[in-house]
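Scrolling down, you'll hit the structures one after another.
In the two assemblies presented below, chain A is common to both, partnered first by chain B and then by chain C.
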Partner chain A sequence: MKKLPISELNAFFARVAADQKLYLPVEQAGQVDFGCWTEDATVRLDALKTVKSAKGAFFPQVEDMLRFHTQGKNIDIQPTELMNEKFVIFGVRACDARAFELLDRVFMSEPQDPFYAARREHGTVVTLACGEPEASCFCTNFDIDPADPAGDVTAWLVGENYVLRANTEKGEALIADLADSDDDVSAKQAEIRAIAEKLPFANLNLNGFDGEHLMERFSDPKWAELSRACLGCGTCTFVCPTCQCYDIRDYDTGHGVQRYRCWDSCMYSDFTLMAHGTNRPTQVERFRQRFMHKLVYFPSNNEGIYGCVGCGRCVDKCPQSLNIVKVIKALGVKADD
Partner chain B sequence: MTNGNIIPMLGVVTDIRTDTPDIKTFRVEALNGGKCFEHMPGQCAMLSIPGVGEAMFSITSSPTLKEYQEFSIKKCGCLTEWLHQMDVGQQVTIRGPYGKPFPVETELKGKDLLFIAGGVGLAPLHSVINYVLDKRENYGKVDIVYGSRSKDDLLDINEIQNSWMDPKNNLDVHLTIDRPQDGWDGHVAFVPTYVKELGFDPNKTVLVCGPPIMIKFVLQALTELGFEKTQIYTTMELRMKCGVGKCGRCNIGDKYVCKDGPVFRFDELGVLPSEY
Partner chain C sequence: MQGMILDRVRALMSEGVATRVLGWETGEFPYDRTPKFFNESNLENLKYDSFCGCNLSKYLVNESEKVIALVKPCDSYSLTQLCTEHRVKRENVYALGVACRGKIDVNKIAALGIKGITDVEEDGDTLTVHTLYGDKQVARKDVLLNKCMSCKGKEHKNVDEVIGESEDTSSVERFDMVAELEAMTPDQRFAFWRNELSKCIRCNACRNVCPACTCVKCVFDNPNTGVQNKAAADDFEENMFHIIRAFHVAGRCTDCGECSRVCPQGIPLHLLNRKFIKDIDELYGDYVAGDEADQRHPLINFTKTDCEPSIVHQRGGDKG
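Our next item is the complex of A and B:
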């Protein structure tokens, strides 16, 4: 274990940022999101949840893929260089850290996504145990421990010090120059777990959400009622740490064509639209797709691991108060059914 | 044999054939000649014109053709309109092949084959049919039922009449159009009705492709004739962006059409939500 007094935090950040980019929760225009550390950034490690998740560190909202130049009938392709600089993302919570593992299952499985893989290779993740999980949190349903998050380094705030534990070689290198500590974090962990246990959504019934019951969950008549208020705004998708659907589009820069990919949402009416129509014509099918993917299709392809990490951002942000918790409660079946 | 690369290569259009009022067939070669990559019948490729769009098309030519690949493309959207206006010599970007092919070297081998196609649905089966004809000794009796709206909409009609129908191929082609037309003395009926009228022996293995409504009624007709779902294959079309099972667009149930399909057997489709 290593120790970093709060008073020396900024000096540590300055040392890290001297030779690589450092991303951490910063406040800008009244909201906290992961941003680049600078000396005058308003760092907000106390904020439990950033508005958008940490997924942008490895799967940016917009990412260039290629550039084209066309001349008459000829085309010239210039591939975009892959990420080749080290960076650190500091202050990732347990839910977002698990989400990286879920994104890995998509982007690192064959055929590996070169853009994501390069970012993953160059990034070092420092997680931060949750000080005080809040009412919309429900990560414990997915076997996530908010008191012991994954990552290359795990940090706890104990009194006036951050206590840090390296979990990988990358992590060890990052905190090697900090003072050793014999602090025990178990009391702090017990405190966090005690809070998490008592949260309102701590004991969701996930029985029946699996590949075996795929058609039963899909055919449930409750989808129509559940989705009735959905505006199709896609906010849930954009704040979600595990949503990974993307679009590929071209932009005419005036000097060529930039091909980029960007986050997209299965909640949008044009997501599956083709020249001859769409296979999900109403919001009922689109709403169902998003939740079926996280609760049934993803686990069916990934040894039962759910595509939700219980961060609660959709609970906090949906303008119509729709969310995955409501879906789980409405469609869940009793253990003896 | 699929390609995981989402970065395209360049190809050049070396021939354009007008098949019907809204279908053209484009021949694509690598810039230094030859095929851009090898493929198997039923696999697809992403074609793109920078700044216009990129979309998935089935590779229409058989892999036994060594010099080039062909794509029969119907004009129906932004990119396809553009493709229909281009001239020979135009460069395009191409990536692939993607998806699971028809099991021509395994499950289809030694079988009597029945191909059923409607309209531009012949395009993906065209690759399989020519593959089978080039390796004729590996397959049993071959029947093709092909229909379209009118005689002018029949794709590959010259090839069908001059090459496929050659007696040495031991192959029967059953053409039909939707409604009577001057200058057509062939059969008039919708494809599913014609399939029922022809009353095929239910020992055959079937490959069907066409508009969703046609596929639905063909399946009913085949069931009435005694065919099992395990004997029937189709190939699907959904919107795709990446081609490698990551962008999420072609997801149906726990499958991705781009990598788990586009070729499915009907018993595999039966356990999936009918969102296609």
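Our next item is the complex of A and C:
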């Protein structure tokens, strides 16, 4: 274990940022999101949930993939260089850290996504235990421990000090120069777990959300009513740490094409639009797709692991207060059914 | 109020006025409310309280059967405007005006540093906020939605009847912030908007919730337009999107404030629309969209006293 007094936090950040990019929760115009550390940045490690999750560090909202440049009859093709510099993302919460593991299952399985893989290789993740979980948090339903998040380094705020534990070699290298600590974090952990147990959504019934019951869940007549108020905006998908769908598009540069990919939302009418049209013509099908993916398709393809980490951002941010918790409660089946 | 509304809705249903009612549904927390079409069988889930801030009017677009719609005073402007634009058939709506004394913004309670909010109890002008970390008290007027702080007044427009007595909850002058922005230098103003708009994640919530945005297919969703915009080509494109949208709804925006309410990044988008409203008032005389049915707004209604296009030069450019 290592120790970092709050008073020395900024000096530590400056040392880290001297030779690599450092991303952490930063406030801009009243909102907190992961941003690049600078001396002037308003760092907000106290903010439990950034508006967007931490996934952008490895899977940015927009990234270039390829450039075609035409000159006469020649087409020059230049692939975008992969991430080749180390960086640190500090202050990731347990839910977002678990989300990286889910994204790994998607992007790191064969054929591996080189853009994502390069970022994963060069990134060091420092997680932060959740001192004060929010009412909308429900990570414990997915066997996530907000008192002991994963990552290369795990940090706890105990009194006036951050206590840090390296979990990997990358993590050890990052905090090697900090003072050793014999602080015990178990009391802090017990405190966090006690709060987590009392959260309003601590005990959701996920019975019946699996591949075996796929058609029952898919055909449930309640989807129409559940989705009725959905605006078809992309808020839930864009703040979600596990939504990983993207679109690949070509931008006409005038002398060629810039091929890029960007986050897409299954809530949008043009999502996976093809020549024959779309197989999800109304918001009912689009809404169903999002939750079926997280609660049924993903676990049935991934040893029962759900595609939701219970961060609760959709609970907080949906303009009309629709969310995955309401879906689970409405469609769930009792254990003896 | 809740009981009075339910009684009246049941009476209207039994009179055969309509079989459905558009209202707000109870949620997981006492402060999350979802728009819903109720029928007789699930009316018990209808809730009307201080958290029913969202404007239901747009849900009436494309409704072909008669529905009883619960309408707050400010929502009634949106409904009237939608009828004026022939996007809602007035004869398909029984507009039941419900009294309003301002709606509470749970995000504002959280912004006071109050965490883990599980319940909010009202006692007159004081709110007791129950949280995972103990109870807190806040003044109701400090946590009203922005739109309620510049309330449109307690009068319902163009409704069939009204239940209860509303309050005007205005506490700030509606155009104060716009005037503040106008007083800035162009560089300061540019910096303000860049700081705000660069937070945009382009989720389109502002557009999709907007009662003035009822195009069947938005130009930005249409792959055939060449301007479909899933990703920005440069860091000004999202900014442009919001400016273009404000232009598109100019003269029709009733200042219902939904754009700012739903923005996950807390961008004060309503200020763009308010700037247009203020300009319209100054250039063409006071005008309130949705105030009366079948109005022609000044931007589509030529009169000989209209200002000349040179007004742009006189008021704009380097002069800020």
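Just so we're on the same page, the second predicted complex is superposed on the first by the 330 of 337 C-alpha atoms of A that agree within 3 Å, B and C clash if a C-alpha of one lies under 4 Å from a C-alpha of the other, contacts with A are read in each partner's own complex, and residues count from 1 in each chain.
Rule of thumb we're sticking to: contacts are C-beta pairs under 8 Å (C-beta built on N, C-alpha and C of every residue); 3 or more make two chains touch, one makes a residue touch a chain.
Every value quoted in this text rests on a predicted model; they were computed, and no experiment measured them.
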| item | value |
| --- | --- |
| Partner chain in contact with A:Ile77 - chain B first, chain C second, else both or neither | first |
| Which of chain B and chain C A:Leu214 touches, first, second, both or neither | first |
| Partner chain in contact with A:Ile192 - chain B first, chain C second, else both or neither | neither |
| Touching partner for A:Asp113 - first (chain B), second (chain C), both, neither | first |
| First, second, both or neither for A:Pro133, with chain B first and chain C second | second |
| Which superposed partner A:Asp247 touches (first chain B, second chain C, both, neither) | both |
| Which superposed partner A:Leu273 touches (first chain B, second chain C, both, neither) | both |
| Which superposed partner A:Gln31 touches (first chain B, second chain C, both, neither) | second |
| First, second, both or neither for A:Ala166, with chain B first and chain C second | neither |
| Residues of chain A contacting chain B in one complex and chain C in the other | 247, 264, 273 |
| Of chain A, residues touching chain B in the complex | 65-66, 68, 70, 73-75, 77, 79, 106-107, 110-114, 211, 214-215, 218, 244-248, 250, 252, 257, 259, 261, 264, 266, 271-276, 279-280, 285, 289, 292-293, 296-297, 300-301 |
| Of chain C, residues touching chain A in the complex | 27-29, 32-37, 54, 59, 111, 115-118, 131-133, 195-196, 198-199, 201-205, 207-209, 217, 221, 223, 228, 230-233, 261-262, 264-267 |
| For the chain A and chain C complex, residues of the former touching the latter | 28-31, 33, 48, 51-52, 61-62, 132-135, 195, 198-201, 228-229, 231-235, 237-239, 247, 249, 251, 260, 262, 264-265, 268-270, 273, 315, 317, 319-323, 325-326, 329 |
| Residues of chain B defined as touching chain A within the complex | 2-10, 50-54, 76-77, 80, 86-87, 89-93, 211, 237-239, 241-242, 244, 246-249, 251-254, 271, 273, 275-276 |
